[in-house]
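I've put the structures underneath this note.
Same chain, two partners: chain A is paired with chain B first, then with chain C.
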Partner chain A sequence: MEAMSVRKVAFPRYAEYNCAFRYIFEEAMDVRCIQPPAITRRTMELGAKHSPEFVCTPFKITLGSMIEALEAGADTLLMVHGLCRLGYYGELQEQILHDLGYRFDFINLSEYDMGKKKEYIKIVKRINPKVHLAKFAAKFMEGIRMVEYLDEVTAEYYRSCGFDATGGQYKAAYRRFLTALYTARTRADIEDAYRAVRQSFQTIPINKPLRPLRVGIVGEFYTVMDAFSNLELEDKLSGMGVELYRWMNVTHQFFQYSAQKNMGVKIRDLCTYEMGPTATANIWYAKECAERGFDGLIHVKSAGCTPEIDVMPALQTISGTYKVPVLYLTYDSQTSDVGLMTRLEAFYDMIEMRKKVL
Partner chain B sequence: MEHAYLGIDVGSISTKGAIIDENNQLLASQYIWTQGDPIGAVKELTGLLEKQFDKEHYKIVATGATGSARKLVGAIIGATMVKNEITAHAVGTTTFYPDVRTILEIGGQDSKIILVENGVAVDYAMNTLCAAGTGAFLSSQAKRLGIEVEDIGEYALRSTHPTQIAARCTVFAESDLVHKIQMGHPREDIIAGVCNAVVANYLNNVGKGKKIISPVVFQGGVSKNKGVVAAFEDTLGCQVIVDPNGHLMGALGVAILAKKGSVRRDFDFSVENMEFHTREAGCGGCSNNCEIICVYRGDELIDSWGNRCERGARVH
Partner chain C sequence: MEAKKKPVIGLPRAMLYYRCRTLWHAFFDELGVQTVVSGPTDRVVLERGSSRAIDEACLSLKIFLGHVEALCGKCDYIFIPRVSSFGRHRNMCTRFEALPDLAMNVFRDSGQRFLTCDLDVLHKKDEAAAFLDLGQKLGFPPRVVRKAYKTAKKAEQTQYKRLVRAQEQLYKADGLKILIAAHSYVVEDPYIGKTVTAYLKKAGAIPIRADLVDREEAIKRSGELSYTCKWEMSREIVGSIVMHYDKVDGIILLSAFPCGPDSMVNELIARRVKRVPMLNLVLDSQSGTAGIETRLESFIDIIRFKGGQL
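So, the complex of A and B:
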């Protein structure tokens, strides 16, 4: 690689957050972003082929997505750190990709102390030594703003899209918003996209009953958010006419987590210690949903996710105390959704009939 | 001419059909093996049902399909109601046993538990990744021991000292079982041990964390096995009700749902003589390569599904 040439950085596909990664790479760091193609069955097969058998599905999918990014011309890969096995994933993926013969620079956030601001500057300087730090800081915050808008709009979308009275305008507005985020170059672009989608959501007629079915979704960080990984769980369920609530997203988990410092206190009766990256938040949110009288809860995890297995006994207690049914879904590298549909339809029928009687 | 309602439940192992009248009374019923050919099984089933059915006095005005092949079968018979088997079982059982609190169901490939309160299902669970504790395990072990699966119950009840068999997973259970056979355990005890293992596995996997309250109704193909029923009663410490029509409960449930539904379409028994086939088409619109299933009656396309986006809609 020439010393002066611009890096081509890629981050594996992760729900719809790649729009913000692109914005931060290109606008804040002045490097090129290689957007890996949307996750398909091929991504999964590529990843599974080169992964250890018993690793969780997010590892396989992100590995597959990295391979597709390298095929598309990326020369630098970025991988996040994490509090479960995820912390080791970057190192292992780097090794696997090197063994496959790919040549690239791997920036593994696990190697940095992410609690310190100085470390962030180190990472930025490594990606582009010539970066202007003041400009970076401003543009980086715009990227963060993009994530916040994305999470806010997505949450609103799944609360109402199942009741769209126009047969598709709601979805079209959401799609337009995503496209605008993926192509945004300035702060104005981001704000315009946000304003436009807000306006659409307010004007498109919604045919929602007075007391709609409400379902809370909790679960493992990657699978619960990534539509390919959870076989479009949210689209399927909201399409049946359900209000969906999911607290778990990047905004809440990373930017606003400190606001929920009392989570541990609120669930003291259910668990004493932190059990992993998302366990406390999931138990807290499940309890919150139950207390708000939701009609059902869905717990999503990939097979073998230890922190989320630890959450399940607490959810069973919540289910018994508040009389709220919980559907436990475990995902592996299967791509057929027939079994999922059977369970979701049955779950929907159950909570619907139950609501009429209770 | 009185109205009648047909329900068909096509599972992985067996195909069930039931025709009921306005008061949910059974007019005709049939239970046959699917043998990996759901279309053939449904045609055979309609033929057998037609022979039992009194066409002079009744006509079928609504039909329902359930079971893992419900979509395909629904397209073929022109069903007015296509419902998942969990709902069908819950509706069927609560209609005949309004007081039921717990429904245990063990079928060929899957097992479920449904908790009922005030006649409405309030919680359910279904086995996910493993087929241990299902009929498939029982029938493969019966084959190993050289007895018919129907006779397992009789054998099991004769045992006084059931053999301990690991119940965590079919593979472990099987190697444990082989070991116990080679140690010279009597066949009765081994079979009773297998029945206990199925129950233990079911309660540990599907029934985990669920409060099982009496009255308990047990259904699905495995409920015909007296050994498993006895093992359930032993473990739960309460009576376990097995309906004589327990194996038909899915079909009955979906017939009742079809009756409650608003759509009415007369059912035509000539289905048994029609030619159906399915074709799988790869979409190729993106690297997902969705498999699109097209169902034909003769040369006419009657239904297709399997595409995940609009791109797949044009492929036929």
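So, the complex of A and C:
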């Protein structure tokens, strides 16, 4: 076996999407994937220690995760490009890791012109020159399918898991689904996992009131989805018995966004232009939730996230116009669990009282 | 539109005003539109802006909102362009994309009207198109607007060349030369950046501005230091450092807290540019300059000590 020459690729932890990264690396590109360990306080502290002081928190967490991946044996790191500071993450992280003394190959998507299809092939060929492109394309699409299933099931999970009548079966089904995705090797594995979890969700008894509290979550792309980064906001909130709605996920933002460009039309009164990479979607969804009579909105971002700070005045306008309470949460590397819980409980009490009165 | 009485346009003296003032003034003058500029930044402007801004926003935005508030009710429109990109890897900080909508939401209740245009080369809207749109919004025929833009652009280029030439002279001067790497709206702002340059001059050093540089060449050369840097104004500064770091005695990385691009680019500069003494100075909304002066003083002492002059 030529196992010695095969790359060991790693991508920093990002919510539960690493299952798809693993699938694409291993099944589509025929390289080994080193899964960085789940993010812990140590990851955060490692990253924060070596990062510039006032860079956004996802930079620190992904840097920490990269260090842990290198410790776990990765020899190639991948970093994505982006429209905000994210587009510059790669070069600075590479420099920091080199200065620390790590040796590795760094694939920085910001170096490529991601508007062109040819560039994607270049990247794939760089990761594995012997890759079979037709097989890659097919397997890559299966990885995408995995992300779509994950997002769909996660959305459904947080709409109902707070009302589980069995005391844990709902969560267990979701956990089983995640495990299946992390270990999937074929398309059939993915489809089976999806079918199984759908079936469970339909059969597990749910005890939902006729008009449950509904809360919409909007926010910055990394922090709003990554459970460690937002201190398990969604688990905490749904545990109180709240129906949670979050539009922002990889499926919507990347695979379906082009079809939803017209969302700008609905928020003409709030913004004329695209204000940032996720601004239009967040303002649109916040307005959508407000119009549908949600009981509250939560805006999640990491400290210093420029685009999301700029969205906040528009959210304040929505809050005033539709009389919907908005909780603004900012996460940095010091945010405490207890402080968040207190704020969430207060927010919950407030929207619950409003619901009874109004 | 208001064809009878020409509107008065307000220009906030903050952010891109420092970079584009010649162009803006010349353009509006050429069209015969009256403009009014807010006064220089002072403590009151900053305090008013801070009370309007989200706490975490950068110092520059707080100052900007203070200037917008100062103009509210004093003009028919406040001009805030959206500036997004000049090409691939030539973006602006997302804040400049958000500025017009941000201001409109913050000042929604004031009844103040705003005037904007969209500069986004990646989406096929270059500067000429943006100004054409702007002029037409004011009710001028395209032919007149195009001519006004052309004249204004020429005026800007002449003026800018003069500025660059003056800076180039400074590199050849004798004395302790310190390159200040900062955005124009930081280094030129009388309340924040000017205090730094003023102190340096008082201490006998020659402050040179990195952002006043042949922009095209600087953009090209910035790749030598940072190959994926994608912010237009940061690239100009990075390129300028590449071009000049061996001609100066020290570099001050001056930024406004917590500037997004600077938080990363300055870190990279500090990691990659060796051999030149460097000071990373972050300005925040604290009043009083004693702390900054102490740091500048010790920085100058270090340079002199290194050169054997102390």
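The criterion applied here is as follows: the second predicted complex is superposed on the first by the 353 of 358 C-alpha atoms of A that agree within 3 Å, B and C clash if a C-alpha of one lies under 4 Å from a C-alpha of the other, contacts with A are read in each partner's own complex, and residues count from 1 in each chain.
Assume a residue touches a chain if its C-beta (ideal position, glycine included) is under 8 Å from a C-beta of that chain, and two chains touch if they have at least 3 such contacts.
Predicted model only: the values in this text are computed from it and were never measured.
Trainee: Between chain B (first) and chain C (second), which, if any, makes contact with A:119: first, second, both or neither?
Mentor: neither
Trainee: Tell me which partner A:105 touches in the superposition: chain B (first), chain C (second), both or neither.
Mentor: The answer is neither, since A:105 touches no partner chain.
Trainee: Looking at A:306, would you say it contacts chain B, chain C, both, or neither? Reply first, second, both or neither.
Mentor: The answer is second: A:306 touches chain C but not chain B.
Trainee: Of the two partner chains, chain B (first) and chain C (second), which one does A:353 touch, if any: first, second, both, or neither?
Mentor: After superposition on chain A, A:353 lies in contact with chain B alone.
Trainee: Would you sort A:26 into first (chain B), second (chain C), both or neither based on which partner it touches?
Mentor: neither
Trainee: Output check: A:319 vs chain B and chain C. Expected answer is one of first, second, both, neither. What do you get?
Mentor: So A:319 only meets chain B here.
Trainee: Does chain C touch more residues of chain A than chain B does, or is it the other way round?
Mentor: Between chain B and chain C, C touches the greater number of residues in chain A.
Trainee: Figure out whether A:156 sits in contact with chain B (first) or chain C (second), or with both, or with neither.
Mentor: neither
Trainee: In the overlay, answer first, second, both or neither for which of chain B and chain C A:343 touches.
Mentor: A:343 sits against chain B, while chain C stays out of touch.
Trainee: Touching A:330, do we find chain B (first), chain C (second), both, or neither?
Mentor: After superposing on A, A:330 lies in contact with both chain B and chain C.
Trainee: Residues on chain A in contact with chain B in one complex and with chain C in the other?
Mentor: After superposing on chain A, chain A residues 303, 312-313, 316, 330 contact both chain B and chain C.
Trainee: Tell me, which parts of chain A touch chain C in their complex?
Mentor: Of all residues in chain A, those touching chain C are 52-56, 59, 83-85, 87-88, 90-92, 95-96, 99, 108, 110-111, 113, 115, 270-277, 279, 303-304, 306-307, 309-314, 316-317, 330.
Trainee: Under the definition above, what is the set of chain B residues touching chain A in their complex?
Mentor: 68, 83-87, 90, 118-126, 128-129, 208-209, 211, 286-289, 308
Trainee: Looking at the complex, which residues from chain A come into contact with chain B?
Mentor: Within the complex, chain A touches chain B at residues 37-38, 40-43, 232, 303, 312-313, 316, 319-320, 323, 325-326, 328-330, 332, 338, 341-343, 345-347, 349-350, 353-354, 356-358.
Trainee: Could you pull out which chain C residues touch chain A in their complex?
Mentor: Going through chain C, the ones touching chain A are 54, 56-58, 82, 84, 88, 91, 93-95, 97-98, 100-102, 104-106, 108, 116, 118, 226-230, 257-258, 260-261, 263-268, 271-272, 282.
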